[in-house]
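Here subunit A shows up in two complexes: once beside subunit B, once beside subunit C.
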Partner chain A sequence: MRHLTRQVFNSGKFVVGFSIFVGILLIVIIYPILFPYPPLEIIGQGNFFPPGLYVNVYDSIFTSHYILNLDDATANRIASKLDSEDRLAIQKWLTASGFPESEIDIENTAQLLDQWTNNFDPTKRFPGMTNADRNYFIRLNNSLKGLLSTEGAIIAVENPETASLEEAGVVAQNDYIVVNEVPNVRLLPLGTDNFGRDVLTELVAATKVSLIIGFVAGSIATLIGLILGLLSGYIGGQVDDVIMFFTNLLTVIPSFVLLILISFSIGQEQRGAFTIAVVIGLTSWVWTTRAVRSQVISLRNRDHVNLSKLSGHSISYIIIADILPYIASYVVMALILQISSAILAEAGLSILGLGPRTTEVATLGLMLNWALIYQAPILGYWWAFYPVIIVIALIAFSLNLMNTGLDQVFNPALRE
Partner chain B sequence: MKGYRRYFVGKFLWFCITLVAAFILNFTLPRLMPGDPVAAIVSRLAQGMSNTTGVQAIYEQYAELFGTNRPMLEQFVLYLRNVAQGNFGFSFSQYPRTVADVLRASLWWTIILQFPAIIVGWIVGNTLGAMAAYRKGGFDKVLMPISIFMSSLPAFGMAVVLLVLFGVTLKWLPTSGGYGFDLIPNLSGRFIWSMFVHYQLPFWSIVLVTIGGQAIGMRSMAIYELNADYVRYSRFMGIKDRKIVGYVFRNAVLPQITGLALAIGTMVSGALVAEIIFSYPGLGTTLLTAIRGQDYPLISATTLIITIMVLVANFAIEILYGFLDPRIKAAQAD
Partner chain C sequence: MADERKLCLSGTGITKVFGIGRNKTTAVNHVDFNFYEGEIISIVGESGSGKTTLAKMLLGLINPTEGEIYFQGVKRDISSHRKKKEYWKNIQAIFQDPFSSYNIFRKIDSVLLDCIHMRGGRGLPYDQKVELMTEACRFVNLKFDELTNKYPFELSGGQQQRLMIARIFLLKPQILLADEPTSMIDACSRATILDMLMQLRDEIGMTPIFITHDIGLAYYVSDTVYIMEKGEFVEKGSADEVILHPKEPYTRRLISDVPKIYEEWDLSTV
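On to the complex of A and B.
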């Protein structure tokens, strides 16, 4: 056993896959302990907030302000306000007024604004310029004036007695706060989803549920496959014929179709994560049955099995003592593949809208389903779907790598 | 040709058996669940309807349509007769279109998308896998992890990645639909071009995923074959490497064809979900709208069509296999 373990861990592929898988498991276990947020709590009002550090504005006004005189602060502020459409409009006006086009660089904010303030004249008109265009440029000029002002913003508070606004403080343009001093700061590394839930916390919880689904479904499928494979391979005869008939039948009839029909018939109310796992397990045992059966058939007439038969051991003893140890490696490999395909099956089912009931748990498939329903890929909210796909791919990748590694250890022909 | 008869008849019988089994499963599974399926449909349909006589009328109409008030066996005969006539009733969610009408519109989209994609993916994947086994070294070391990673990515994952990369970020290709939304299907050049452009992303997402899995399988098969005695013997005899590779490829590809026959159901299911990502007007998207609309007749008919499609593909591959594997011909000659 120790020799075998060492051999397995000498396989590079297995070790890489194993490390990724253990890493995912550790994150799933440790993250909720460090950050005990409820995973499905709706914290954002509105959907798809971008990832980042969220600092409470109200608190930051009343924490102590520090004055820093940084040279590029004004330029950065204006650059973030001035969008590309405005820049193009400025360029258009300047070139129309006869300004040399080669000197205009719309990426250089300071220079562009300089050129604009020095040259803009609201009374100027060009051929082809409508009144609406002229008004647009005047509005643009006014908004730029606001940007260029150096005065601070006044914070006003309503007086409850007179209902008038009273000055409570001034925020100067060179005021800074230290994020550590603000009492309410929340880091949302992956933003929020369509319901306003913290995507990272939800993702960790969903990964856990999906792994459990994979494990439950994989165990059920492997157990059924093992029992049927042993029966059909060892006993043979009519038992074999009957089992193989159904196995062959279910191999060609796509299990996904069965999954859809069963999940739909169960109905939304009855569909918990566990039920889905059981249904996936019940529809995906055929591959294990085939693999186990062919292994058992090749073992059935080996000398040690015949010896055991002659010694009068019972069938169950022979299966447990003389056959199971030889197929254990196949069963483990089958289990690994079943887990990964069950996780993918759940995701596919959820995208079709037949996943677990939505209110209680998050699964990887459900997160993807919601992101798709809310058009996140087309609207560019990458944080709502890329992390989910990466986690699904990483889980499947690590399990497949482990499987390939084991295959190379147990099948000498495949070794490099 | 004559010698093959037994093989073909056997395969055809098996095809018929699976077809009957598919009918039975499609019929019984939804009816095995506790409760009356028609009552469930009506209760979903009648949500927010306060008119009890209206609900009663709907109930009776559907009970008649599905024949749920008759004995099981009679229901099955009714179901078979309806299917044989292509009569699946009206679609709930797309009323007044019939289910047969909805399916007729979407079936061809799925067939022209999935069959070329799976075949191209299979050919490219097997070629790459055989090359990895034969060349070993750097090519193998790079190709294998990439293949394992690609085959780990589900088809819908690949679809989303391609969609965002080429459709949203680079804006090279359209992101959804089977043709431009401003066009009416016809045979003009503009429509065909639009179809071609919309075809690319769904096609490549299926191809790329298929390549990964096939390359891994072919590599293992080819390594087994390369270590076989006949290869060493041929080398010893001084037969050219090219010719040996030809033998190896032929022997290794046979199990891959059987593998394709067995895995085609899984591939098609994966590709159906990928269709949804692109709102491609095929069976996958039809299934999605049916499920969202709680459209029981449409779901039942779509799953049946998908199963029949897979069974036919499976049968076709088995027949092809009969011609390709010389052992089957030899067995018939006895």
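On to the complex of A and C.
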């Protein structure tokens, strides 16, 4: 046994797959302990807030300000306000007024503004310039002046007695705060989803639920497949005929179609995560049965089984002691594949809206479903679906890698 | 002459057909035989002649398609597990490949304990069981103290086959089916194993049935020889009669296929 464990952990593929899987498992266990946020709490008003560090504005005004004289502060501020359309308009005016085109760099905000303020003349007219164009350039100039102002902003507080505004402080343009001193800061590494929920917290909770669904469905499928395969393979005869009839029947019908039909007929109210896991388990045992059966058939005429029979052991003892240990490695591999395919099946079912009941519990498939319904892929809110896809891919990848690694250990013909 | 001896195993019209339709293969074809108590029987034939299938039918591991097997003159009944267990107290086997004969997940003592339990020794105190196992191991020149907590695959092929004989020693069956007991073992251990089987036969008075492709071995050990070709007995009779004066061309071919060195070894032991 110890020898086998060492052999398994010597397989590079298995170790890589195992590390990824254990990593995911650890994150799922540790993250809720470190950040005990309720996973489905709606924190954002509005949908799809971008990822980033959210600092409370009110708190940041009333925490102590530090003056930092940084050269590029103004340029950065203007750069963030000046969109590409305005930049192109500036370039157009400058070239029309005879400024050499090679000296204009629309990416260099400071230089561009410098050229604009030094050269702009609202009275200047060019051939082909309409009044509307001229008014546009004048408006642009005014807005740039506003950007370039060095005045601070006054903060006013309403006096509850007189209902008049009183100055509470001035925020200068070179005032800074330290994020650590602001009492209310929330990091949303993956932003929020369509309901305004923290995607990362939700993703961890969803991964946990999806893994549980995978384990439950995989175990049910493997157990059913194992029992039917053992009975069908060892007893044979009419038992085999009956079991194989149903197995073949289910092999022909694609299990995903069956899954959709069952899931639909259960109805929205009864569809919890556990029900879906059971349904997935009940529809995916077919291949395990066939594989176990063929393994058992090859084992049942071996001499050690005959010897066990001659020693007077019962059928159940022979199946448990003489057949099961020989196919145990195979069953473990089948279980790993079943877990992986159950997680994928849940995701597929949930994308169609037939997964567990919506908004009560998050699963990886449901997160994709929500992102899809609220058009996140079209509107470019990548944080709502890319991380989910990556987690699903990582889980499936790690499980399949573990399976391949085990296959190489147990089947020496596949070793490199 | 036949009436004086007691029948131990006999069969009429035993047939085994595998497969259906065009894939039908008749492994054993209407075979009749009478095995008497006390004689040493050999069934000789080349690979695929149906000897192992016949042996499995005699053991009750597979059911014949046709024909009846009689045990001690009474029709054999192995319809239930209990009856099979009762039958297997009387007939036991040694298989060809010792390396695949044991469950690799079970230790040696549990293999031997099974035999004691089979003989109704389940209630015995543990000391007495150990004594029985030690005695059985001593009989086959193995040391039980060294075997406890070991797995069968840790032994050599010859040792494993000797352990198999220790099983038979504990079970004390009336019939032993030895299905090519020495074909996977080197020539030195071969003689030891055969000697042990003969000694065991004298000790517990069982009827051994050797199933072999080695006509030299058959001549060396047996009283009665059955020659099997394509599922049928083509020749039967006493060992001297069949091997020294073969009637069938198939038998002659089998004899001529034996390497020279075997012949000398066999003849020297007569």
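Definition applied: the second predicted complex is superposed on the first by the 416 of 416 C-alpha atoms of A that agree within 3 Å, B and C clash if a C-alpha of one lies under 4 Å from a C-alpha of the other, contacts with A are read in each partner's own complex, and residues count from 1 in each chain.
To be clear about the criterion, contacts are C-beta pairs under 8 Å (C-beta built on N, C-alpha and C of every residue); 3 or more make two chains touch, one makes a residue touch a chain.
Nothing here was measured: the structure is a model prediction, and the numbers come from that model.
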Looking at the overlay, does A:393 come into contact with subunit B only (first), subunit C only (second), both, or neither?
-> first
Compare subunit B and subunit C by how many residues of subunit A each one touches, and report the one with more.
-> B
Which holds for A:378: it touches subunit B only (first), subunit C only (second), both, or neither?
-> first
With the two complexes superposed on chain A, say which partner A:187 touches: subunit B (first), subunit C (second), both, or neither.
-> neither
Does the superposition put A:255 against subunit B (first), subunit C (second), both, or neither?
-> first
Should A:266 be classified as contacting the first partner (subunit B), the second (subunit C), both, or neither?
-> first
Can A:348 be said to touch subunit B (first), subunit C (second), both, or neither?
-> first
Between subunit B (first) and subunit C (second), which, if any, makes contact with A:26: first, second, both or neither?
-> neither
Residues of subunit C that touch subunit A when the two form their complex = 56, 59, 61, 81, 84-85, 88-89, 92-93, 95-97, 100-106, 111, 114-115, 117-118
Touching residues (chain side subunit A, partner subunit C) in the complex = 302-304, 306-315, 321-322, 325-326
In the complex formed with subunit A, which residues of subunit B make contact?
-> 14, 17-18, 21-22, 25-26, 29-30, 32-33, 37, 40, 136, 148-149, 151-154, 156-157, 160-161, 163-164, 167-168, 175-176, 216, 220, 223-224, 227, 261-262, 265-266, 268-270, 272-273, 276-277, 287-288, 291-292, 296, 299-300, 303, 306-307, 310-311, 314
Once bound in the complex, which stretches of subunit A touch subunit B?
-> 248-249, 251-258, 260-262, 264-267, 340, 344, 347-348, 351-354, 368, 372, 377-378, 380, 382, 385-386, 389, 392-393, 396-397, 399-401, 404, 407, 413-414, 416
